[in-house]
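Just dropping this structure here.
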Amino acid sequence: MLQQLFSPSVQHTLDLVGIFVFAISGALLAVRKNFDVFGIAVLAEVTALGGGLFRDLIIGAVPPAAFTDFGYFVTPLLAALMVVFLHPHVERIQTGVNVFDAAGLGLFCVAGTTKAYEYGLSLTSSATLGLATAVGGGVLRDVLANEVPSLLRWDRDLYAVPAMVGATMVVLCIRYDALTPFTSGLAVVTAFVLRLLAMKYHWRAPRAWNRRSTVREE
Amino acid sequence: MLQQLFSPSVQHTLDLVGIFVFAISGALLAVRKNFDVFGIAVLAEVTALGGGLFRDLIIGAVPPAAFTDFGYFVTPLLAALMVVFLHPHVERIQTGVNVFDAAGLGLFCVAGTTKAYEYGLSLTSSATLGLATAVGGGVLRDVLANEVPSLLRWDRDLYAVPAMVGATMVVLCIRYDALTPFTSGLAVVTAFVLRLLAMKYHWRAPRAWNRRSTVREE
Amino acid sequence: MLQQLFSPSVQHTLDLVGIFVFAISGALLAVRKNFDVFGIAVLAEVTALGGGLFRDLIIGAVPPAAFTDFGYFVTPLLAALMVVFLHPHVERIQTGVNVFDAAGLGLFCVAGTTKAYEYGLSLTSSATLGLATAVGGGVLRDVLANEVPSLLRWDRDLYAVPAMVGATMVVLCIRYDALTPFTSGLAVVTAFVLRLLAMKYHWRAPRAWNRRSTVREE
């Protein structure tokens, strides 16, 4: 087992912050899709906890943290409640939400990678699962809302790459025995800043080479 | 472990009834979506067994009951077969189907909550998982059929709330050491009757407060 | 445990071939949906590994092979890379892809059934899980791409039936103690050839009986 990266209470607080901001993005999509208050709560829970749930099922950590930690369960409900009553304001502070969501992305890719490695996965698999932890909730959110996952669309700013970079930094640190609270924090911040830059400058990934020439639109 | 709530054969029969009526709702949606007979069978299986499968993966009960009990597997196929040949009649008896589906909702939320608690989850988590057991199959059905889950839509009669009430009654009974076949049965009946009333009087949940004022439709 | 059907290296090579061709089908759909290169990679991974991942979660083989075998992880990326640069050519060789996909279907239904039985499932459950292994990746691919799963649609050539036949042959061989590399290979080839014939002669499954008479289109 790796040494504890942060003090337990600090780590737990960071987790709850990430869960809260992810839940807001789910609840906002639910409002846009015209769901009722239960639909809003469900989408908030799924977005916030889905990535970690997938990771825990894969590594065999059952029951998953989402079902053993009361704070994990109740935080998305608070976020949903806030969105139900304040959503015009939340919409107006979309930039703020995006910043928090970027912070959640950074925190979750690092925490997911670390937990996967602690459960015995290889470095490559740990990084992959860290990425899945960070982006999985958003994919589930979009699938339940019957939309093409934002993660996969070419017309959205880079989202997976910052998480990939953060997860890769963690496994490199593990590989070279340099994983400390400082380097972990650095990985979080790097993923966070990369995502902010991707949003600011609208960085996008290329599509398939020469796509439009021969393949029909569908 | 809790005491056995019903005699095993009674419990098993109740499970099969719930599975059968859920399977009918899946098969009917498949007919409406113009799927072939295999699509009808798949959607019947997924609707009937999906909620329990999710619960069993979460609590670590692998292989899940859906894959160890032959009756669980074959019952949805019988429901699918019936729908394939009789679907105009099944459509005509939609009210009857809705009544059975409400019974399935009641049975599954109570059975799911009880099983989750037996596997060591907390009271809150057990109730949540009981709710997920009851509604999960329907969500999977709608996702596979590429529709917005009926559970999340504001223009459908209350579905989650009756299951929530049933699951909550079970955990309150556990908390105060009052879980007996009688109180369990009462929880089943309460969820069942609440769902019937929701359908009869078209009870619906509110949407986000002041929704239409500032957020665009999508 | 059953005897090893093929030498480990032969089995592993066959697995990688199946993963590769399934990944190509996922990557091609991603190109058609106009996803970016990361979306193409994700859809390739999900299509190739989703079926086996589901099987491993069900039988409790965690972490799943998809996360423990580096070759399983990297093969879909190579397929995605190939599609990104060569997709007009890949489109043109669609027939070739279909043939390989049929081979993957045969290999996966047999390997999935065998692995499920080794983990203690009954014969019926093993065959069902073998079928799910073979078709699960394609269903996940279509769900993520926000399309009705090709598996369920009546206007597609038979896909599940060949895999069902292959899986059934395996469990019959197990039942009568006749599972050898030869009979396993025969099951693979039977599923493969049936799928080829279904594509050549456009075999389709019937829909619900008398469907159009009384049920409205949706």
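To keep things simple, chains are lettered A, B and C as they appear, and every chain counts its residues starting from 1.
Quick note on the criterion: a contact is a pair of C-beta atoms (placed from the backbone, for glycine too) under 8 Å apart; a residue touches a chain by one contact, two chains touch by 3 or more.
All figures in this text were calculated on a predicted structure; none of them were measured in a lab.
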Note to self: chain A rotates onto chain B (CA fit) by an angle, in degrees and to the nearest 5, of 120
Given over half shared residue numbers means same and under half means different, the chain A/chain C interface is different
Whole-angstrom distance, CA centroid of chain A to CA centroid of chain C, is 29
Residues in chain A with touches to at least two other chains are numbered 57, 143, 146
As the complex stands, chain C meets chain B at residues 57-60, 119-122, 124-125, 128-129, 139, 143, 146-149, 151-154, 160-161, 204-211, 213-218
Per the touch rule above, chain B residues touching chain C in the complex are 30-40, 42-43, 53, 57, 62-64, 67-68, 70, 73, 83-85, 87-88, 91, 143-146
